[in-house]
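Both complexes below contain chain A, partnered by chain B and then by chain C.
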Partner chain A sequence: MTASPVRTAPAPPVLSESTGVPAVRDRWRTPAAAVVATVAAYLLFRGSATLPHDDEAAPFRLLGDLREWVDANRNASPVFLFLVNYVRLFAGAVNDGLALLLRELGWAGTAGLATGIGWLAGGPRTAATALAGFCAFGVLGVWPQSADTLALVLASVLLSLLLGLPLGVWAGRSVRLRRLLDPVLDVMQIMPTFAYLAPMVLFFQIGPAAAVVATTIYAIAPAIRITALAVERVSPSAVEASASLGATRWQTLRTVHLPLARPTIALAVGQTVMMALSMVVIAALIAAPGLGAGIVTGLSRADVGLMLPSGVALVVMAVVLDRIVTASARSAVPARSTLVGAAALTLCGVAASGLLGNGFPPGWTLHLAGPVNEAVTWAKFSWYGVTDAVRNLTTEALLNPLQEVLTGSPWWLVAGVALAVAWRGAGPRNAVVAVCCLLATAPLGLWQHTMETLTTVLVGTALALAAGFTLGVASALSPRFSAALRPLLDAAQTMPSFVYLLPALALFGASRFTAVLAGVVYALPPVARLVQDGIGAVSPSAVEAARSCGSTEWQVLWKVRLPLARGAILLAANQGVVMTLAMVVVGGLVGGGGLGYDVVSGFAQRADFGMGLAAGVATVLVGIALDRITRGAAGRPARKVSRRFPGKTGKKRIA
Partner chain B sequence: MRIGRSLRLLAGALTVALAAGCGGARVETGQATTPTSTPEPTSTGAVVRIAVNPWAGYEASAAVLSHLLEKKLGYTVERKNLAEQVSWEGFEKGDVDVIVENWGHEDLKKTFIQDRKVAVEAGSTGNKGVIGWYIPGWMAKEYPGITDYRNLNKYADLFRTSESGGKGQLLFGDPSYVSNEESLIRNLGLNLKVVVAGSEAALIESATQAQRQRKPLLFYFWTPHWLFDRIDLARITLPPHAEGCDADPKKVACDYAELDLDKIVSRRFAETGGRAYELVKNFSWTNEAQNAVANDITTNGMTPEAAAEKWIEANESVWSAWMPQ
Partner chain C sequence: MVPSGGAAIEVRGLWKIFGPGADRVPHSSLARLPPALLRERTGCVAAVRDVTLSVRPGEVFVVMGLSGSGKSTLVRCLTRLVEPSAGEITIAGQDVRAATPAQLRQLRRHRVSMVFQHFGLLPHRGVLDNIAYGLEIQGVPRARRRRRAEELLSLVGLDGFADARPDTLSGGMRQRVGLARALACEPEVLLFDEPFSALDPLIRRDMQAEVTRLHREVGTTMVFVTHDLSEALRLGERIAIMRDGGIVQLGTPEELVGTPADGHVAAFVRDVPRGEVLSLRWICRRPRDGERLDGPALASGTVIRDAVPTAMGTALPIVVVENGRAVGVVDRLDLLSAMSGLPTTGAGRA
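On to the complex of A and B.
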């Protein structure tokens, strides 16, 4: 009990934030009364009904027993014999086949092929990007790992598209299916990558096959959603015209829907690739080979030199794949000369592969681990005073008091406050769903850890919003600042979430603060971008009118721009919360504690398997609750399109 | 060689697919009857899959074994970075052939060796392993009686940090390490909280800082480890270990046992691994030898391969005794 908990009771800031638009004084009376009541209830009932954590909780044991049963019946139960094991074999075979192909092509052959595909998709510039990227894999000394990751990504994307595109087309034409799929996809997109892994281990064990299945499921959501949207948006008059000419449904689909929806469907492919890439890395926790293994090993040994080449290669791979897919969305059917050029490039590569052998020439590799680790050690020791102070200050001033309040409050008080906030901000329906989800973590036996995770998420979101808001406003007001910021944001949004853990861990060691910091950095780009877009979209005439009335720039910002951009800002808050949650959970790997650590520990210790699985479920519940609490106010229909649709908000993933 | 391996893989996959054709698909159980990619004992290029658990001592043993398998016997070694318990699951699927340094794990031995019969023991590594709680040497001199667990509560305030929630911090390593910490704290009524540092490296760094800057620290550590040659550490005495006192993980109230670290291999590898299995079975060295290699890897910046090669060049008399006849 070092800090006074009263000072930092969570209710006041949250409530006052949600009230938003300035209005008559009466509007403040109810919230103020609610705040006073909350603080009073906290002081009175602090320490009672807190649902402390118990490693032996019944649900954990139950899930542990489930695992024992599955292990014992893997080769006996028909569900496994005729379904699960086949899925596993099939996914494994697709991956093995692709890995074999890449291995036989060798570095030069694959580089040639990628360059050729780049040429086909977007001409010389894309081809050059692809070539440079593959050279980077080799020079960093991670070609074999890159090939494994590439095979995993390709296998999962292939399966995702194979299942997702037809489903998407169907959903785009059938409202009933759409209605059925929507809530499922909603949950899938809020669900942090981490939560996918434990059930995968249960059914598919560890290894590349399980990784492919997990990644396929994870990456399928945007494939379905964006394709459905694209097909849905095809102009009805074109469909009408086709039908009136006597075309069958199938013909209309083939000749009207698909060609018109093609550019958007290419976006779906791009999004699927990016999602797959971020998942494949995390799948290293269930023994998937490739670049992720380097990063996970590096994280678990706090060895930045070991993980940096893998991290950089991953970013490079994301950029190359993104460029190729984006370019192919824009390009028309390639001319014959392009085809010839592409084929020639591929053949060059294969020929070079014959000369160089399968691998990358070892002499051309840079060995970075030594110098990098020296630099990290130097930075650690010379900045130790500062980094230690920053970490301890944030932990003592923000994390610890808030955690004390959340874990020390009776569960009904936390639920009540959540209900009030959600009701006011998002309406009764969302509020009830949110509170039910939050409360459901209690029978799972994870209430206390949920509160710990909530602490880090709230602190992380607050910091991300503050920083993103500042950046967004600054770049909306200054075109020059915006131009300087854009490439940075673009790069940041292509990076798989894991990469953000590296610098945070290098400087701050394993702690909750490290996880919060990584979350802040991860959520920052979309928040900044949404705020900027929102303010930029404010009608110039409104701004003009305010100016002509003699308002200062500052007044224009506070009285006109921000209130009018309210929808976008609330959407930014929603994004910020969901993304911070995803990252904070992954932060369990670097001392993040709470639910994320339970998941990590569930992989590492057999005895904790049940707890890990339960924590995965709890994470999803927290995600849904936070999403519901922050959503409604932004106005659902408009929000949905801009949120799920990458064209509008830039690329976004929920790690 | 590559083509050959690929063909075998393909053939294996086909066999599995065919076998699966009737009666549903079974998951490989690592037994000698399964047809896929069995290491061929005599030909070169056969694959040995070694699990590498996340601590330097293990890595040292694995590096030396891998080097001998590859350079002296002509095998291909696949090293897989896996957590301890996940490695055991690898036996079942055929993902892992060898665990080089196993720390006890009686429960896993029962499950995988006795019940499922997918693994077998392959003898001691020669290393004696002890887990314990340690403090920097200067603390033992400055605070009388601190090394007795009964006095820990008196000094718990010394170990408080921003992460330990008002209690004393007990710094733990990788989440996958063998651990009785929670039970010990609960059953001995200690005012401590386990804080997970996440890795061996983080433990070493904290211990080094605690020694240099005279900062209090209580942490989980183990021998064999080269750190004891660098830093003066004092061990906390917990209630002495007695046979079976740690049988129920939730009721443990005694110190860790001194373990005879051993090697575990998949049953298939034991039955068909040939010369590779012979070498693994014969492998046995001292704590000093392991510390030397581990020290080269962690503090002298050598790759595991280079460190293993250096030791192998200097110690032919030791390893030549391990080679299969």
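On to the complex of A and C.
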């Protein structure tokens, strides 16, 4: 404690002097010095050691060669002969079987079946939703694509659950397996969807089989994790009672664990379905058939009219699947009459299929492409002033300067700043892991593109957090606002990520800003919800106590609610970062640039495969780094107000 | 095999240590460390330390102690719901620690049942299916186990609640279901882990009466864990008092109240109305010179309070008789001072 402010006026009471000014000064001294040093270093070394991008970098060529080698040895190496190829065959066969089934049932038959299942799961309302959904597929003119997507989703969900549920149950009862799986699942859950695709191509080539495998792997994480959690949380007293009566492990599992965990396991199934749906669409990039293909083509041509039917059908499918799964989680064992009703509905559908033929009657479809494109053009022109201003403002004021700084700085400066920030926020362990991950993108040859992606992610996250935080606080404080917002958030959370690109593209055309916007919109709902729940969960007695001291509502918010909801808010930041990253990478399809674009071009051109694969790995590394920093902060206790004992310094200064 | 000498449960040198390297502790010098030191040195908690006891067939054996003294762990060790670290356990002649998993299951299915503090009912099943659960585990056919469950339902006085879900029942009713489930297997031994501490006092009284009635009617051996002294005194034929995992005193209620082994037990029983627990044996004294010995006679096992009417009917000292032989006298003053908790002048307390 050396800095004593120069004072000429008579000394104020010692107490305020000793606790106030110096502590604050001291707390800001080191960061301020660090900022000054960083700026100086930036000005001095700008432009040196920037590791510029090179499409022909050695790592890319190496990975490209790897693919050549794999392709050449696909039918020779035992790993492929006895494992990979069989997996591919099996996944393909499951998908083909389901696709064939749907095709044979035809539109009417499938619609009948879905309605019957809806009836079984949730009664007339769910049945009606299902029926309306299937009608929508037909009317939009995308029934065949919808059937393909449905088959892919069903196949992947089937495989995911077949593997994931038993594994989850096992992990729920074995701490050891849990410890083994946890880090793997962690990485899987922050891995952006895009990153799953390139390795799939390497091992399983392209097409529906590879898509099923990729989706299965992507969707298995929640199946395992939520099931394990459900089984683990089963009341230990019920389990003990069962054991005390001499039940075998299997009997306890069957009569206690599974029935008690059932509602939560249904939740796991729902999550798996939703994840599978969003992945299956993205798998269009590796030549999976279905709705995703329409969207990808539309995106690449910036043709909204072309992709709108697919996009809407996708949302409809998400809603229908979500309703059916959620309803079945709630319902008990169906009564006989319900079964009969469901069977009757299915048979009606099949009979109608006999009359209508396999497809959807062509006369009933709406052709939307023309009118939609006109509307989009109109919107673009008439709102041009606004959209252009927003886009330019964000691009010029946020994206460009930040990108210039990040790509123009020497790599060691960026790493150093990242280390310092992470160290302060998330502790040494997380900081080191995060910075190592970040630095690992350099030897991959992707430093510059990583910095570009980081720019969009940082800007996107900042916007998403600001907006989500505002919405969350507002709805936590006003029940009316919350009630109005809730259905919107619910709907937003069931939508597959791809869909968010659509309106963004329609309004803003292909640009970096479009990717950022999609990321913001995508990450907004969970952020808002986490913040709201966190603030809502603050103990009422603490709030009451604050009010009883005469606090205003603002004081209650700032001094009680927000500090107590700190954990939830940091968790929201974590979710926001991870989701924005996932979306921004997908934004490579609409001019997002950076790593996302590399991944996309890796699928588009064989020559770029190496770069695409490397970029996929780099997105994972960025994901881990960002996750470490934000999650580490959430796990750390709040920093103490003053790290020194104020009384001591006070005494010293008197003396 | 340990000779069980006709005891229903025989426990010798039982240890249960929670923590890293738990199995090493009982046989090493660490075993003699006081609990706090042991935790500091090894990070282990000795929940049960060197417990030896034997429960007679048909007896109600109460285990008592403060929270954290290891009572729950001790009863769970009996059927290895918690795996003991060391020691011997014999239940009706069967060596429990040497039992294979299958033998252990047979033991739990047919011979020993347990009633839990938090009931441990299955919330997704109705009352009847909860009661029948143990029989279902055993593979008893559905019709038979339902019949048996219905019998028990009326035994515990829950007729008409067969299909109710546990969460719609009151605490007392839930514990009746837990009791019925334990009884359904017709066990030789019933273990109770603080079965009534979650219930309010009136219902607790009821349930205690219920257990006493069952014990009279069915005659099952019972091990009953409680931290409530009045419950222990009401139910227990013998009581073991635990502290820090060990048994500090084991005896009849009278012995505990009359001769507490140490300050801990004494503190425990301080508020017990002595007149209602102790018998004349504890306060009778040698007649003083010239005292008349032709007063009314009472058996030495008579509880002090029950001697009051006799004492009121006569001014003479009461003669205390054991096995037909006079062992001493008590007068009104002795009775009064015993009931008021003041030191008695008698010799019996020595």
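As a convention for this text, the second predicted complex is superposed on the first by the 606 of 655 C-alpha atoms of A that agree within 3 Å, B and C clash if a C-alpha of one lies under 4 Å from a C-alpha of the other, contacts with A are read in each partner's own complex, and residues count from 1 in each chain.
As a working rule, contacts are C-beta pairs under 8 Å (C-beta built on N, C-alpha and C of every residue); 3 or more make two chains touch, one makes a residue touch a chain.
Here the structure is a predicted model, which is why all the values come from computation and not from measurement.
*Asks:* In the superposed model on chain A, is it clash or fit for chain B and chain C?
*Replies:* fit
*Asks:* Any idea whether chain B or chain C touches more of chain A?
*Replies:* B
*Asks:* What is the contact status of A:A241 with respect to chain B (first) and chain C (second): first, second, both, or neither?
*Replies:* second
*Asks:* Regarding the shared-chain residue A:A33, is it in contact with chain B (first), chain C (second), both, or neither?
*Replies:* A:A33 contacts neither chain B nor chain C.
*Asks:* Where does A:L62 make contact in the superposed view: on chain B (first), on chain C (second), on both, or on neither?
*Replies:* It touches nothing on chain B or chain C.
*Asks:* Could you say whether A:T255 touches chain B, chain C, both of them, or neither, answering first, second, both or neither?
*Replies:* In the superposition, A:T255 contacts chain C only.
*Asks:* Contact-wise, after the overlay, does A:V175 reach chain B, chain C, both or neither (first, second, both, neither)?
*Replies:* Neither partner.
*Asks:* State the minimum pairwise Cα distance, in Å, between chain B and chain C in the overlaid complexes.
*Replies:* Superposed on chain A, the two chains' closest C-alpha atoms are separated by 43 Å.
*Asks:* Please report the chain A residues shared by its interface with chain B and its interface with chain C.
*Replies:* Touching chain B in the first complex and chain C in the second, no residue of chain A appears in both lists.
*Asks:* Sort out for me which residues of chain A touch chain B in the complex.
*Replies:* Going through chain A, the ones touching chain B are 1-2, 55-56, 74-75, 78, 80-82, 85-86, 88-89, 93, 96, 100, 103-104, 205-207, 287, 293, 296-297, 299-303, 358, 370, 373, 391-392, 395-396, 400, 509-512, 589-591, 593, 597, 600-601, 603-607.
*Asks:* Give every residue of chain A touching chain C within the complex, in rising order.
*Replies:* Residues 235, 237-238, 240-248, 251, 255-256, 259-260 of chain A touch chain C in their complex.
*Asks:* Contact residues on chain B for chain A in the complex?
*Replies:* 2-3, 6, 9-10, 13, 16-17, 20, 23-27, 29, 54, 80-86, 89-90, 92-93, 95, 107-108, 162-163, 165-166, 174-176, 179, 182, 195-202, 205, 249-250, 301
*Asks:* Give every residue of chain C touching chain A within the complex, in rising order.
*Replies:* The touching residues are 79, 81, 104-110, 113-114, 116, 118-124, 133-134, 136-138, 178, 181, 185.
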